[in-house]
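Alright, structures below, take your time with them.
Next, two complexes with chain A in common: one pairs it with chain B, the other with chain C.
On to the complex of A and B.
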């Protein structure tokens, strides 16, 4: 027990080259300023302004996506990747800040998606109330699961999230739930004519191009929110917990509540994704909650890399490309499993992490050989 | 009637017991929750299916554990040993990837349709237990599983290797300082754990039939068992495995509509009662 419990928090593999000075055995009181220099620099007005400008730029550029990307299949791919990225981003948030890996986030994504579907069919709700209810249920699920898993160490956390995530799957496929969830068949949403989701009518909500502005704005806002949370004092407390939870506790920090809050924040982002997914797909199936779905989400996350905010988004895009090119054979699961093994064994910082390391090395070499 | 259901529960609990003790042993030695354990069980079941179709069920009971022992050796030598300095979470995720590869490979070889395995002729019928008829094969399954569990307990309790396994599970660092060769012990444990998973799969064939999602389904149950028992505790895993098997089966009788949720209710209840699991930190 003791051997493995500590290593769970020293999960430095998440962030490429985060030169943290906090060691595992050092139990002196921790100073958040010491951590600030490492992976999460302090938030000051200048970085906030730069980030805000960057986000606005990305937001504006992204809105032009349907105009730039012409082919329906290419755009559909990007759209699916962004949807999936809500899930990978929320998983990566926990890996990056706490070094813990959740295999249960499909419960929030799928749970909120199912709630939206049921709210529109059984509840006869419009899209906005259904979305609000879906988000609420997703957050409640995150609170419930978070309360159970928050004290678990890394390995137990993985096992527990995987098991509890499957609980939602089991609820959905229950025969007595068939009137609501359609059991193993899944269920379709029903839209009210003349309804609108922030100005988007139902026939455009189900159309990727028509729904894109809403999705993209929410997506960018979610990224900014996660970035901001990571840069706040809260983010540095999380990083301290990741590096050495014992030392944080000795230094007078509550380590349970920040872990819990981080879990709920992450679950909320996954739920937002689930809500948007359901509205657009207009059909939800137990597949969303399955064992392999959580595996896929994890693989996409780790493939992209969790050290950078953009890593899981890249991962989601790579995943969707693989999905569209390989799935015709039905062997996607085989390739993805192999990819997970290879990435973890040889490329633990993911694709983006490897690129960052490569660019840094190149830059150093150029500087050394340069005319200076 | 109720007694028969309890026997059914014991049959399921026996499978849980064998699988979860293997998982707990590997966790104790390598600090890694083996997510491929369900896939190993499934591989054992499919191998046993082929062997019992072409040769005999008894040959399958030998062939499946042997084949799985070889897979276990490969997993230990290729993944666990070279990566033991890595973060345990990474290695556990690698086993998750392995599970996906193994499960898909099996479907490619044997197809996605469920397969029936006939029990050997001698155990094909039913037997009268306290006035109720009960499939003979399930009694055989219970007997075999209890024998395996007994053997495991004796091995762990009264042999040198067993002592070393318990020592390494309790405190790996101290065990190494005291001269336990963790690499050697780990090779034995992963080999035995995988072989037991294969044997469980072979025994399960005539009981549950053989189908593609059997691995991931039982993995979830086994993870729940291991967490309920107290992670790393072999005795805890055995007791919790038997307990969950019985509770889950009785659940299908008394609350058939929501029986699938019984394990989840059980794990939440146990963790609220004893956050470290039934056995706490004991091995």
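On to the complex of A and C.
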């Protein structure tokens, strides 16, 4: 930590106005560049301390969520949003740092979820070993897919990740795989009586309120981890690659390995979400791996915006609210599509980006008027 | 004039031997050889389509050679990647400004200096008069200044060979003169061997210690600026047509 903050020029050259994450360069017309984040401020002890304090506060406040949000459906909605946010957050990480859009992250989320299910049924494992195995399989899938797609970018990257993600779907629904995966029916987890997941017994793991502390702690830690990775020198290297990969190579940087590592980090976050999801839902179905799931995750990511770390989290929440309020009409996809068009046309940096821009403008106006 | 043919015996810092690049049936470069020594600025001029930029691309590893070799200290580096060459001291700048547009100037220098273990970044910044823009986002500074940023990126990490592809492209006359002066001073001070591809013929004759004239992918003439300027073939093929 101190290593990355003690770079000889960074501190001195840090621009005075680099305190926020979304700058005006984000306001170009719709393009991946516009969706990606602007220059991230460098990590120094002060920002690290502020972020740490902020994370601790969020962590503590979030743990009180079940007390504050009493209605079972409202709390369930937040719970689902956080689960979904593992997926949107991991997708947004790649958009923000490398300007690439993955449609294959369902493979890690769903792949690890399925592994947990199979480990508890076929393998007869307890929750913790099953979770560890699920995470491992998710990461291995990310490594394998990453090795294939790492050199691709833009449309090629999108199509390759889509194809590989759908390959996992196809394997899961194979009739031969039925004893393991339940094919198109999906499969339920089985819990061992008296087992516990970090102190939470099975009957509480499947209960959103009972499982919430574990989910929330892991979630906040994941956000902090992604934040930290983005602020390390590694994050700056990713930004360099996103902006001008050729110049990076001619500046002595290997550009393949950082892209690969970023992909695996992102896939790991999605896998963590998949593990927690499976344990709680106690049932996994091919829908987790479907094309619609990747599409919805991408839509939610873009709705929230990728410039800010919390953007995809807000996006997941908006998505879940839309899902719960509009699903009864049976035209969810229609409304979702319309919402996406509106956001991309008028708020290309997503809802959170628009809020930040609005607040900045307001602030500027207030400051300008202040001395008069 | 044709001295480049017999220089294989003694080891030069940087050498291109019989370098050829073909695009299908088109030979963009056909058996070009050049040899560089520390502190010497070697100009490469020629009409459009002479193969100047292809030459830089071939030597820097951006374009694959279809024939010939690139040697550094007598070691064949033809098959090496750009990043590898950069660490061994072969650096380049770009005709179309290649910087990191959304990063601050200081941040991108810091990033490259970090990778290349540059200790005297301040020296480069001051030599190119970039201190005033360090805190600015690169896309927001003047084009001429961006050209200097491009050059600075190539100079970070004490390269031994710099391949400069039209560093004055798009600059107004005054800026171009300043840029060429900067290049000459920096190469002399830092003992860097440079290839300077440039459209501005007078600028090249003023700046360079040696000049090679390319025409249709081949070397027309190579030698001291004074000799090359007087050479009839050059006047006919190039300078004449340019007025």
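Keep this in mind: the second predicted complex is superposed on the first by the 332 of 372 C-alpha atoms of A that agree within 3 Å, B and C clash if a C-alpha of one lies under 4 Å from a C-alpha of the other, contacts with A are read in each partner's own complex, and residues count from 1 in each chain.
Everything that follows uses one rule, which is that a contact is a pair of C-beta atoms (placed from the backbone, for glycine too) under 8 Å apart; a residue touches a chain by one contact, two chains touch by 3 or more.
None of these values were measured; they are calculated from a predicted model.
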Task = Once the structures are superposed on A, label A:51 by its partner contacts, choosing first (chain B), second (chain C), both or neither.
result = neither
Ask   = Can A:162 be said to touch chain B (first), chain C (second), both, or neither?
value = first
Inquiry  = Taking the superposition on A as described, I'd like to know which of chain B and chain C A:310 touches: first, second, both or neither.
reply    = neither
Query = Is A:348 touching the first partner chain B, the second partner chain C, both, or neither of them?
reply = first
Key: Greater residue coverage of chain A in the superposed arrangement, chain B or chain C   = B
Query = Is A:136 in contact with chain B, with chain C, with both, or with neither (first, second, both, neither)?
reply = neither
Touching both chain B and chain C, residues of chain A = 7-8, 10, 13
Residues of chain C that touch chain A when the two form their complex = 60, 62, 81-83, 86-87, 91-92, 94, 98-104, 106-116, 121, 134-137, 139, 153-154, 156-157
Key: chain B-touching residues of chain A, taken from the complex the two chains share   = 1-4, 7-8, 10-11, 13, 99-101, 103, 148, 151, 154-156, 158-160, 162-164, 166-167, 170-171, 173-176, 291-292, 295, 298-299, 302, 331, 333-334, 336-341, 344-345, 348
Note = Within the complex, chain A is touched by chain B residues 27, 31-33, 35, 79, 83, 86-94, 96-105, 108, 170-173, 213, 216, 219-220, 223-224, 226-227, 231-232, 257-258, 260-261, 263-264, 267-268, 271, 275, 281
Note = Seen from chain A, its contact residues with chain C in the complex are 7-10, 12-16, 18, 23, 25, 38-39, 42, 233, 236-237, 239-240, 243-244, 246-247, 249-255
